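Next come two complexes, and both contain chain A; in the first it sits with chain B, in the second with chain C.
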Partner chain A sequence: MSNDIKPNSGTSPENGKEFEKSGEVQKSTTGQSFQDSSSDNETGQEKKTPDWLVDAIPDEKTSDNVAEKSLMQDFQEDVEESADDQSDREVEEKDLPEPVKGEREEDTIEVQAGPLVGVEGVLPVELDPFFIHEPVRRSIKLQVTKTQETQALLLDQMIKGEIESQPEVTQSKAVSNNILRIGIAIFLLVSILLPLSTRLPVTVTPPVSRDSVSANQLIESISDGATVLLTVDYEPGLSAEMDAALASVVDRMMMKDFYLVLVSTVPTGPVQAERLLVLLNQRGGYQYESSENYTNLGYIPGGPIGLLNFAEAPRQVMPYDLDGNAVWYSPPMQTISSISDFNLVVVATENPDRARSWVEQVQPKLGNTPIIMVVSRQAEPLVRPYYGSEPSQIQGLVSGFGGGAFYLSSNAQAGSSSMYWSSINLALIAGGLLMLIGAVMYTGKSLITRKPE
Partner chain B sequence: MRQLKTSIVVAIAVITGIIVLVGYFIELPVLKNLRIMLLHFAVILIAVTLIVGVVNLVQVHWKKIQNRQSGGVYSLILLISLLVTIIVVGYFGPTSTPSLWIFSNIQIPIASSLIAVLTVVLIFTGIRLLKRGFNFFSLLFMVTVLIVILGTVSFQGFRIPGLRELSTWITHVPAVGGARGILLGVALGTIATGMRVLMGSDRPYGR
Partner chain C sequence: MSVFDLNNLDLLGAILSFGLTLIILSFIFGDNLLFRFAIHVFVGVTAGYVAVMTWYNVLLPEIVVPLIGGSQAERFYALLVLVLSSFLFIKAFPRLSGWGNPVVAYLVGVGTATVIGGAVLGTLFPQVLASINLFDIPGLFEKSSPVWMQISNAVVILVGTISVLIFFHFGARSNHGSHPERAAWISAVACIGQIFISITFGVLFAGVYIASMTAFAERMTFTANFILLLFRP
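== the complex of A and B ==
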């Protein structure tokens, strides 16, 4: 794009507006030509000018000269001013932020000819004729496949369903719903409390759990006094189930006088672990004391990253116990320099993601050290693939009340798992029956009220 | 300048990722030490975010109390509880009897109550499931739930033949199959995300 702009310096121009671009006719922004003949213009102007305006027009020769001179003077003044401002502008540019500075540099155009020679930052007045063209026509019809259309319709229906105002729940309906909720709660409470209070043998021993058998065999195969890494990775909300299941395993380990090293990736985990040991001490009559029989290393922050870090260098990551003692130099811990030096790793969690983190980050570093998982019933399906794989990534699995109760019964023991087993069974039956009644009732109702199509 | 900054950040992320990743496959003492150091940095950073979270929690609830917003009373209870717990655990130690008392008698009952309420709501929803939409899938869902629940229990003198086996088959075959599918999906997604971060095309740490 050429930026050479100069006033018509040939034969004296008839007015100051007349410009000519070198080699081509100067155009205004609308593309109109401003070039016209002076004589034609002169006669034409006289012809077109109404009589009442003829006197008002000044003498052309003098007025044109004056206009040209004043225009040139203005241009020269502008050039001088812009040259003076140049240094100031440079200072301003330094202060500008990077992106703006770049943009200004891009826009700066130096005029090569004409009265604006040397002036920077001038926008070109002409438009390149090549840029003037009809806008590209784009289709406003959306190009979608059949699948996309179906999905869009589905989404639309879903959103419509959300936007549409739901019929207001009448007071009687709300009351009946509340009565139903309270009824369910009472029914469940009675089912849970009845076996606990009466000690009625309503249920038989839990079904044989092959996974619990493996865990049991593994623990029994380890010699007494072994060092075990015990992870208490569950939230307080599910502690009833997890405490019962884990207590079955830990109780057996305490009987075998295992030295327990406690860690957790849950902030409340270290306190959970302490609480569990206190409960087992009371229930089983053990004398497990901190430092003597177990060490609580506390909370490992960072989720999977923290676990990997711990698996890489346990001594460096957790140098002190919860009481601030340097524990790695005490006799049972002296032999542990890496995670594979533990005789067994037991992970108790209700969260499948945490179980996955242990399998992914820690298990590959364990070498020949086996790993057992104590999980809640809800997490079991997501943890089972690790147990069922060949070779198995975890060597034992104890799940929920059932697993814990079977573990106890296989060792001819009784504990909280077996105590709650009757309650959980009766509550499950109560819940199942309630749902069955609801299903039969509403199925019958919908079949009766269904209109023939 | 901005481009330079971005390039440096991307380079740090990519190099860190590669060092940690290579450490999984190659056992070199230098690499291992470097890897442990980088993991230390990450763990410290995450631990600091926990503190930042607590400070933010205090700020939000303090503002609520100051502005006398609705529910400000609960904010006050929260702040008092937080302060009391910090003082007790800080003074007596995390494994002391008062700390364990707070945990056993306040935190566990509250959290367990929420789970208990969830149980009631789930049974309530199960009862009304077929009221809302009676179709093949809702019926299949209900039948599966009942088989698994009733197949799990071991009731004295009462046993439906084949129910336990069917329940075990459901939990060990279709459920585990689905779980494996989820785990494989998670693994593939993690690999894809990791590759994108390592190649610098995905920048979760900033633009």
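== the complex of A and C ==
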């Protein structure tokens, strides 16, 4: 029970008169009112007890605790009811004795704990003299250092700048960008289509690529009918460059009647490989058939882990071909029990990470079997160290369209690499020219618009 | 060759390819509905193809076939793989995701070990050895290229390697409470390293540019040839 209130009013027979007037305990406020009501005798009090309080009078037969509890509940309910009844309260104000009238509101409190929580106008038990003191005087002036003041000023200025609306210039910029974009596209389009339409070779032969020469020499040194592991590890998005570069190498291998075992660590790789072989069959007049001339083992899942697994146990990791046939018992594959049994490994990829995975996970297990990389020009700078190092980790490198074109020309053949060579060269020159013009323009513009400090 | 020489499937493929190429190129005029449609088609087709490929090339031969017709050992192995894969699958459900943690931990552990082992033994050691071999004096005279060229090549590689490594050294010291700064000689060498890095990025950009231009030229050539094919008798 909280000590914030004095719950004696409801149970005390002395203040029965006061209850009759007010009808609620909380409105018998000061000691003066108690003194007035204390003169009544017990008999008179019983008669004047209101009906609603009759039940609250303790029964002598019941125990003190039970009586007190039930009375407290009733007391609380009554207090809540009376707090809402404003009209009764106004009447009561008139009936109060003169000395009490001014004091009742000031001396009451709002109960913070106990069963009367939230009820206003309840008498406190006693005033605590320790809490009565003069209020502490605090300065309302903000105490900041000079630096803090400056920083606050700066922040204020910055925020002001953000709030202020800027004049819109985006519209004109967007229009000029569109025009620029379309203009550049037309310029590049013309530069590509011009050699095709006029059949005028801009550059007759691709530049000499020593890497392609060594790859060619390596392939030529391998006897006809050898078994070659061919990895088609590039995405369809870069198939234009990769197909052209790889086609020149695979075309030569098909001429030499190599048995090709196709794998890929890219899900779309197997179908890319099939497509390439169909293309070369049409172009070169070959009759390369699945299982007779080549086997497509499909997709090696698991990235570098899968690759390592395949390098260690190719038969167990890839037991079936794309059609679900068990292929390792067919005549050309019978002799292959480990990856070093292949006569050559050719990896075609546009991704330097995949190329690195092949070098790191597979090449150490190849033994004397050479490995050739056919890579995109974008991957070539990162793959070259493996080729150029001494001892070299890869034995041949055909890089991009140029490498493929040179490979074809060195074998006195013509293919897609030779076909597009002029167009690509002119487009590269045109693109380079555009970049140069752009750089000069923007440098000039920035020099002109630069404000003197 | 005219359009009538193509069989139905080839013709359909060529028309689709031609149409999609034009739709993708329409991005020149800004983002549009057709471009977005083509992108959705590509994403959908790729996802569908990968799902089919995974089923036929991985799940079927690695789990289903051994479970149905494999030996006792093969069945046990396939069952183990299936259970562990299921644990990985239920990571999609937040309440049960904890079951998949051991499998993920195993995959990450094995993957990391494989990659680090491969990088150290397959790239780091061989490349360090190759860099040392560049200064193998007796070996220089055995090669066909001039010795001075080989030595200058070796020096450039050595300077490039060291300066780039130093560029990524971010240690600094504070003298008498002043702002911490790199040592002067480290800053100077790091500048050289920065030049090498810039050249490398330039070369990489050139490679990407050539690859992109090749793809563009191939598509344009195909488009032009297809249009010519339509008008050829």
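In the analysis below, the second predicted complex is superposed on the first by the 278 of 453 C-alpha atoms of A that agree within 3 Å, B and C clash if a C-alpha of one lies under 4 Å from a C-alpha of the other, contacts with A are read in each partner's own complex, and residues count from 1 in each chain.
Please note the rule applied: a residue touches a chain if its C-beta (ideal position, glycine included) is under 8 Å from a C-beta of that chain, and two chains touch if they have at least 3 such contacts.
Only a predicted model underlies this, so the values are computations on that prediction, with no experimental measurement involved.
Colleague: Counting only touches as set out at the top, which of chain B and chain C does A:Ser357 meet: first, second, both, neither?
Modeller: So A:Ser357 only meets chain C here.
Colleague: Who does A:Ser214 touch here: chain B (first), chain C (second), both, or neither?
Modeller: Touch status of A:Ser214: no partner.
Colleague: Between chain B (first) and chain C (second), which does A:Leu428 come into contact with in this model arrangement: first, second, both, or neither?
Modeller: both
Colleague: Looking at the overlay, does A:Gln393 come into contact with chain B only (first), chain C only (second), both, or neither?
Modeller: second
Colleague: Return first, second, both or neither, reflecting whether A:Asn178 touches chain B, chain C, both chains, or no partner chain.
Modeller: Only chain C is touched by A:Asn178; chain B is not.
Colleague: Taking the superposition on A as described, I'd like to know which of chain B and chain C A:Ser290 touches: first, second, both or neither.
Modeller: In the superposition, A:Ser290 contacts chain B only.
Colleague: Looking at A:Ala439 after the superposition, I want to know if it touches chain B, chain C, both of them or none. Which is it: first, second, both, neither?
Modeller: In the superposition, A:Ala439 contacts chain B only.
Colleague: Examine A:Thr227 and indicate which partner it touches, taking first as chain B and second as chain C; both and neither are also allowed.
Modeller: A:Thr227: touches no partner chain.
Colleague: Where does A:Gly237 make contact in the superposed view: on chain B (first), on chain C (second), on both, or on neither?
Modeller: After superposition on chain A, A:Gly237 lies in contact with both partners, chain B and chain C.
Colleague: Both chain B and chain C touch chain A; at which residues?
Modeller: Dual-contact residues (chain A): 181, 185, 188, 237-238, 240, 267-268, 270-271, 298, 301, 303, 305, 308, 322, 356, 364, 380-382, 385, 428, 431.
Colleague: State the interface residues of chain C toward chain A in the complex, per the touch definition above.
Modeller: Answer in residue numbers: 25, 28-30, 46, 49-50, 53-54, 56-58, 60-61, 110-111, 114-115, 118-119, 121-123, 126-127, 130, 133-134, 139, 200, 203-204, 206-211, 213-221, 224.
Colleague: List the residues on chain A that touch chain B in their complex, please.
Modeller: Interface residues on chain A, with respect to chain B: 98-99, 177, 180-181, 184-185, 188, 201-207, 235-240, 267-268, 270-272, 274-275, 278, 290, 296, 298, 300-303, 305-306, 308-309, 312-313, 316-317, 322-323, 356, 364, 380-382, 384-385, 388, 402, 425, 428-429, 431-432, 434-439, 442-443, 445-446.
Colleague: Could you pull out which chain A residues touch chain C in their complex?
Modeller: Spelled out, the residues of chain A in touch with chain C are 178, 181-182, 185, 188-189, 192-193, 196-197, 237-238, 240-241, 244, 267-268, 270-271, 298-299, 301, 303-305, 308, 319-320, 322, 324, 350, 356-357, 359-361, 363-364, 376-382, 385, 389-391, 393, 400-401, 416, 419-420, 423-424, 427-428, 431.
Colleague: In the complex formed with chain A, which residues of chain B make contact?
Modeller: Those in contact with chain A are residues 1-2, 24, 32, 35-36, 39-40, 42-43, 46-47, 50, 93-95, 99-100, 103-104, 107-108, 111-112, 114-115, 119-121, 123-124, 126-131, 134, 139, 142, 145-146, 149-150, 152-156, 164, 171-172, 175-176, 178-180, 182-183, 186.
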